[in-house]
Amino acid sequence: MKVAVPPLYKDMHNYISADLIVVSDWVGTLAFALSGALLGVRKQFDLFGILFLSFVVAVTGGVMRDVLIGALPPAAVTNTHYFMLSVGAGLLTFFWYPRIVSLQKQILLCDMIGLALFSVIGTQKALEYGINPLMAAILGMLTGIGGGMARDVLAREIPFVLRADLYAIAALAAGGIVSVGHVIGLEPQLPMLSGAGLCIFLRLMAIYRGWRAPVPRWEDK
Amino acid sequence: MKVAVPPLYKDMHNYISADLIVVSDWVGTLAFALSGALLGVRKQFDLFGILFLSFVVAVTGGVMRDVLIGALPPAAVTNTHYFMLSVGAGLLTFFWYPRIVSLQKQILLCDMIGLALFSVIGTQKALEYGINPLMAAILGMLTGIGGGMARDVLAREIPFVLRADLYAIAALAAGGIVSVGHVIGLEPQLPMLSGAGLCIFLRLMAIYRGWRAPVPRWEDK
Amino acid sequence: MKVAVPPLYKDMHNYISADLIVVSDWVGTLAFALSGALLGVRKQFDLFGILFLSFVVAVTGGVMRDVLIGALPPAAVTNTHYFMLSVGAGLLTFFWYPRIVSLQKQILLCDMIGLALFSVIGTQKALEYGINPLMAAILGMLTGIGGGMARDVLAREIPFVLRADLYAIAALAAGGIVSVGHVIGLEPQLPMLSGAGLCIFLRLMAIYRGWRAPVPRWEDK
């Protein structure tokens, strides 16, 4: 099942502008790390706990994907830039928390880009490792939302991503489009761009128009 | 340590009636997924969170086992029926929650069958991958209880499986019998059937007779 | 990236006195398992839950490291002594809780030794598997603190290791020294001993002198 594949980012040269991918990857990592650091400050973790939480949010999704497709060691272990970015985000938040909080809107935007990109890249990487399209889309979603889930479990909150704002649905939609593109034989560029676009659109609608997934009609038993 | 083995379900043809295995696997997956979906509705997750929780409960145990024995990608990633069953269970619960709640007794029974079967299959698979019998039994138990643990951690409850109703002990007993059978050189059928039977027996005693594992005599310090 | 390496403990013969390693490994495992069992009793888990929590605390760090460097099945699965020690620690705590509680100071000392040793061994093992020195130090830290994190998540507490007493920093310092030693080409003995010493020193200062990592100056928003 597992096939040797060249590193994703190299392949990406053939898909979409590699620069765009790299920049978005950095932006997304930074946004995820900031969201971890902000929660760490709110929960009064110490400096180290804050840096750790930043790193966990930035990499957990990708690590889960890599473990599940058998791509070991995971990209977050073989590359050091995820760690560097996370530490940078954690330090920024530790020393300039009020300033970072005032940028929440911008961070939310970066988070959106990160979610979109992580989900489409995650799906594409799973497909390249020979995972079937359905589960590849789900692994893409997991790449996008895994960090947020880990953040909330460690900080003892019910994972936000399971409750609000179309977060996971947007990630799955992005992955689904990449998988459909793969099934009907398209080159990956267009599905990846469309998937990322749909993900961002859904998140924008959730935030500014209040779109929600249906909640159960039933009272707590 | 890791050896190439044919897929478990194919092997099973030589062990027990393959149909029985497949049916029990479906029944167990469904029961586990329903237990996740029920908790999701009680916690007022949205539709997507409910489907996600169903899936997590159905597959986490098996995924943990496959990661730990190095059988990557895990069965839940290479097969899609676990996902299909989970989504089905989640939708049923979302739309007919009161009806599903009224079937709690039947679900409990399915859960029992799932626990028994997941534990014996998990142990047998670990043995086939060359894991020593002691740890194979523990990996079998993990296959059985992992989903419930993940469910409770995500929903921010102390894992039920660690506190009540001989749940984990029954799973370990099932795995232990399979391992003992392996050590004394029996064909797997009889130990697997006996292990599953013992697991169901212990759970029935726990539920209807109030059998409990001992709790500490000491007050909270 | 992954290279075949002989088992760690065999290699260790060439590094430091193998006896010292083995004894410290047992001491650390025992201390970690006791900390899990103590929390299990406080939370009124049943006997089985207590044994399970002991085992989880003893092995989770090492298992996470082994999964992330691709050393599957993990050492805690291929060896049974971690399990035996954990069960022993759990039984001791279950039957003689007041006595074990009265030994808290000694357990803290063992925990310190365990943390130090797990961190340096974890880092060294990651280096031997070809992981870059920066991430190797982080994987070493994870080996040391993973068990405590899992313990607190399962018992529904905010992980202590992220909040107090230089716990994670001490583990990272230990790993960092091993990695630096590796980069400048030293034999592993000296860095491993120095790293372990520094880790114990930092923990002692945290406990007896109140050394702390800085906490954010900002109020909860």
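Assorted remarks:
Per-chain residue numbering starts at 1, and chain names A, B and C are given in the order in which the chains are listed.
To be clear about the criterion, contacts are C-beta pairs under 8 Å (C-beta built on N, C-alpha and C of every residue); 3 or more make two chains touch, one makes a residue touch a chain.
Every value quoted in this text rests on a predicted model; they were computed, and no experiment measured them.
Interchain contacts join each chain to each other chain, per the touch definition above. Chain copies chain A and chain C are related through a rotation whose angle, from the C-alpha fit, is 120° to the nearest 5. Under half of the residue numbers at the chain A-chain B interface are used by both copies of the sequence. Each chain gets a centre from the mean of its Cα atoms; for chain A and chain B, those two points are 29 Å apart.
Annotation for chain A: residues 67, 72, 153, 156 touch two or more other chains. Those residues of chain B that touch chain C in the shared complex are 1-2, 67-70, 72, 129, 131-132, 134-135, 138-139, 149, 153, 156-159, 162-164, 166, 168-169, 172, 212-218, 220-221. Interface residues of chain A facing chain C in the complex, by the touch rule stated above, are 40-50, 52-53, 55, 63, 67, 72-74, 77-78, 80, 83, 94, 97-98, 101, 153-156.
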